[in-house]
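The same subunit A turns up in both complexes below, where it pairs with subunit B and then with subunit C.
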Partner chain A sequence: MTEASATLVDSGPSALGRLMAPVSAGVNDIAGLFRLLGRTLTLISQGKREQGALLEQMYIIGNRSLVFMCITMGFIGAIITFQSAVQSQRLLPDLTMLGATFIKLLVRDMAASLGAMPLATRVGAGIAAEIGSMVVTDQVDALRMCAADPVDYLVVPRFIAATIMGTAVLIIAGAVAILSGMVIANGVFDVNFHTYLNFSMVTLGDVGLGVTKMVAFCAAIAIISAQRGLSTFGGSEGVGTATTRAVVGSSFAIIVLNFFISGLGYFFVPS
Partner chain B sequence: MPIVFENIHKAFGDKVILDGVDFTIEDGECFFIVGASGAGKSVMIKHLIGLLRPDQGEIYLDGEEVSRLSEHALYPVRKKCAMVFQNATLFDSMTCAENVALPLRKHTGRSQRESLVAARERLAQVHMEDFADSYPAELGDGMKKRVAIARALTLDPRYVLFDEPTTSLDPVSARRTDAVIRTLADELGVTCVVVSHDLVSIFSIADRIAMLYKGHLRMLGTPTEFQNTSDPIVRQFMRGEAEGPMEV
Partner chain C sequence: MKGLSLEVRVGLLVLTALVLLGGFVFMLGGIDFGEGYTVFVDFNNPGNIKPGAPVNVGNVHIGRVQNIEYRGGRMDPATGRSALIRVEVRLDAEYGNTIHDDAMFYVTSQSLLGEQNMAVDPGNPEHPRLAPGSIVAGVDPPRMDLALALAYELLDSISQLMREHREEISQFISGAAHIVAALDRTLAEHPDALGNMLEDLEQATHEANLLLHSARGTLEGPEVRRSLRNLDHSLASVAHQVDPLLADARSITHKVDEGLDAFGPEERRSLSSALRRASSIAERADSTLSDAQAITTHIREGHGTVGALLMDEEIYDDIQEMLRDLKHNPWKLFWRE
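On to the complex of A and B.
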């Protein structure tokens, strides 16, 4: 082989190949996510659980997130109520429907979509970091050596716990957002508690849609974070990258899922 | 031949780790794989139990080609071929006894209670019975390594792979670990494959040594042959010299 031809052979992937590489990686990434989701759901349907693992994860994901989520959603409820009142007063001075509209919006969408974002940082980062550090310290390989399926052992309990407890936490945090909004409405705009706590606009469909979003978002956070954790490569830097990718991926998934579920809700559960 | 590696190639992305490595390991011997950091020693043994798949080449264990087996089909392989990882890799959320019991429960389907009784017996063999109910975070590195060895031995494997068993241990713990490995080979006939660059271990307990360098098998022989070699790279490694032709 001449020097010139050797240079040609060693010139690496073509420009098109380099251009398509991120697309190909993205497709593989999404395929990997769906494979993991499928495997997780299959294992859940088989019904075998590690004793104690699920309860432990429910405690870690649920109880330990509750205070953070309640404080975060409390502030969010207060901010939205304040801004809504300020803006609506520019149009008309009547704030009697402030609570009713805010509660409907919260039940139908914001308790799920706004709450899921901080939940992704708390729960998603935790799942990715824990599984990722197990990968880089060979603990996942050690599980495989013990004939323990890492998906069954690590992903399934976290998926179930995040879906159940995440939804419960979002519902509680949503209630806190209503209460904090009520306090602001009363303290700043003199809207009395009874007027504010008006659930007349909330339908069963709104509740169903809101809970559906919560379940979908929490399941997405768990599966994306677990997949990021399992695909960790390298040392502590790899764990950091996996954690960042888990939060970014979860946040992105929440927004995309919200778009599609809201779209379906528009047709099947009109507001 | 119980363990045969044939023409093993492995790359991670553009980085070639193994570039056509062949060797065999005899039954009951204490076989060391040595080389500089990043030479592919751990990668090599992880291929044997399906934790990694070769890009090319075959691996035979007791005459069975294992490199293409499914995860489930690898369970019997992992039952007879245990591994002690470099970082001990005990599960933090489990006690020492639960760690040792896990392979018993999963591989043999025994109940948790039966497995824990057997696990305590295993821990006694490595003098860790008093720490059966302790969590890994409460133990020192040497103690964790002994629990990891107990976990690896819990299914009475015919082969045990040790990934840098003496790294991060104090000299006394390191020599005790060497003694455990030698005892396994001598008294129980277990084939021990040890990845290490601990020269004291290599020259005190190895039957044969394979040295990997730049993705290839640089030398295969006994400790005496390694000590008397004229290969400047092998000689530099075995003497632990900073200056020489070896590229790290």
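On to the complex of A and C.
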């Protein structure tokens, strides 16, 4: 072996190492998320809260997102109802169960999963951008220098606020989706309001499953966005990258969590 | 809203969400604060009804299905009836007086593809009200699944038949097509004949109608009625006499059977021998009679001495003259001139 070739071999990682690098990075990323979640839950259990910061975050995450979420879910409800009715009419011109099936679907899954997606863009991006900006302007380091835990100071209020207010917003937005669907069904397809508002197919298990998904998705959005914000580097460009990663990671987490929670729901809360 | 504090704004949003969630749970009907009573409905096939399904009279909600119990068809001593499924139904108390003990409970659906519910026909108002805890028999819904399964089996059999006899069916259809084609050709070639045929047919139908009309008139006439009445009377008489006659015949047959039974084997042998002898005697008598008939014929034809004596007029005259002469001259009997 010549000296040059030996240098080449020693200078970079092996082929297997290069192949496994993304996997390793992904595993480290997930491990970091779970570490942050564990740390957050530990701090929450210790019960030390700054009420003002929590209330402010609840207002920003909840109240400020409400109109956006209601409009978004209103349109989603109208579109799904319209398309379901059109497709149903091709098979059978009977729309008496349109509302019942749509409400069942919305309560069990779509109010949580479809609602959490726009919530991730609104709340997740905000959390990641805010924390990322503090990281690149060294405010987080300043907190550390003041012996303040950035997780306790920045992540815990946002996690609690996002979990509570995100769930509340998703419930309200789900109700708006039902109402918009009802209006479309009545206005376009002449389905009576009482016929549409048929809750006979919905069970308490469906409601429990839907609320569980909402809580899980909102918590995931907060943790992933905070983690992306805390891992920001490279100035304003890094903040933009962190925001994008927060939205992508939150959306991906919503889909994966939906798969697993729906799978568990299939066994424990059969539809 | 601008005058409200941050706490109030956040609190309002959370409260709204909680009210919506609570209202939703309440609307699901899982929580019932009203008074009610429970009745049980037995089914062998309650369809696809589930706990929580509404119970309606017409389109009015009067209760809800509480529970569905599998009984496995075992006999209930309280009702003396066996049922596969027992459905527990909770009815609202305000409708209790309108549901009577002859009420009918049946499973139906809101629409063709709709969720199934239980419908109630309240029953006759003159009957007493359905008591709490009563067990009634429900009306089973039609088994569409069974009908479909049977239809599937039928279609499968037809399909198999057609597969196995594809050639025969093909030939049959081909033959039928030929026949239709030939008929079509014939009709096209002879349209007048078809017209004539139809006219003849119409005429024949008309005449048949007339014939039937006239036959009906004849049959409904007084002679036929009288004949039928006489026939009816005769048949009635015969029917009246048949029974005694049959009884007599039966008695005679019985007696003959008894008589025959009285003969033992020895007597039957003697009877057989006597019959054989009688037959022989009859043959011989027949032969003797034939001989006597031949002799008589011979005599009647005037053959032989006796024939000549009886049938010859001249001999008869000679004998008569001789007897007259002897009467007048008896001495000639002893003395010859």
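Everything below uses one rule, namely that the second predicted complex is superposed on the first by the 262 of 271 C-alpha atoms of A that agree within 3 Å, B and C clash if a C-alpha of one lies under 4 Å from a C-alpha of the other, contacts with A are read in each partner's own complex, and residues count from 1 in each chain.
We take it that a residue touches a chain if its C-beta (ideal position, glycine included) is under 8 Å from a C-beta of that chain, and two chains touch if they have at least 3 such contacts.
Keep in mind the model is a prediction, meaning the values are calculated, not measured.
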First, second, both or neither for A:Leu92, with subunit B first and subunit C second: second
Partner chain(s) touched by A:Ile131 [first = subunit B, second = subunit C, both, neither]: neither
Touching partner for A:Glu56 - first (subunit B), second (subunit C), both, neither: both
More subunit A residues in contact - subunit B or subunit C: C
Partner chain(s) touched by A:Ala142 [first = subunit B, second = subunit C, both, neither]: first
Subunit B versus subunit C as contact partner of A:Phe199, first or second or both or neither: second
Partner chain(s) touched by A:Met165 [first = subunit B, second = subunit C, both, neither]: second
Residues of subunit A that lie at the interface with subunit B and also at the interface with subunit C: 56
In the complex, subunit A residues that touch subunit B: 51, 56, 137-139, 141-149
Subunit A contact footprint on subunit B (complex, rising order): 46, 49, 51, 71, 75, 78-79, 82-83, 85-87, 89, 91, 93, 102-103, 106-107, 112, 151, 163
List of subunit A residues in touch with subunit C within their complex: 55-56, 58-59, 62-63, 66, 92, 94, 96-97, 100, 107, 164-165, 167-169, 171-172, 175, 198-204, 207, 211
In the complex, subunit C residues that touch subunit A: 6-7, 9-10, 13-14, 16-18, 20-21, 24-25, 27-30, 52-54, 110-115, 117
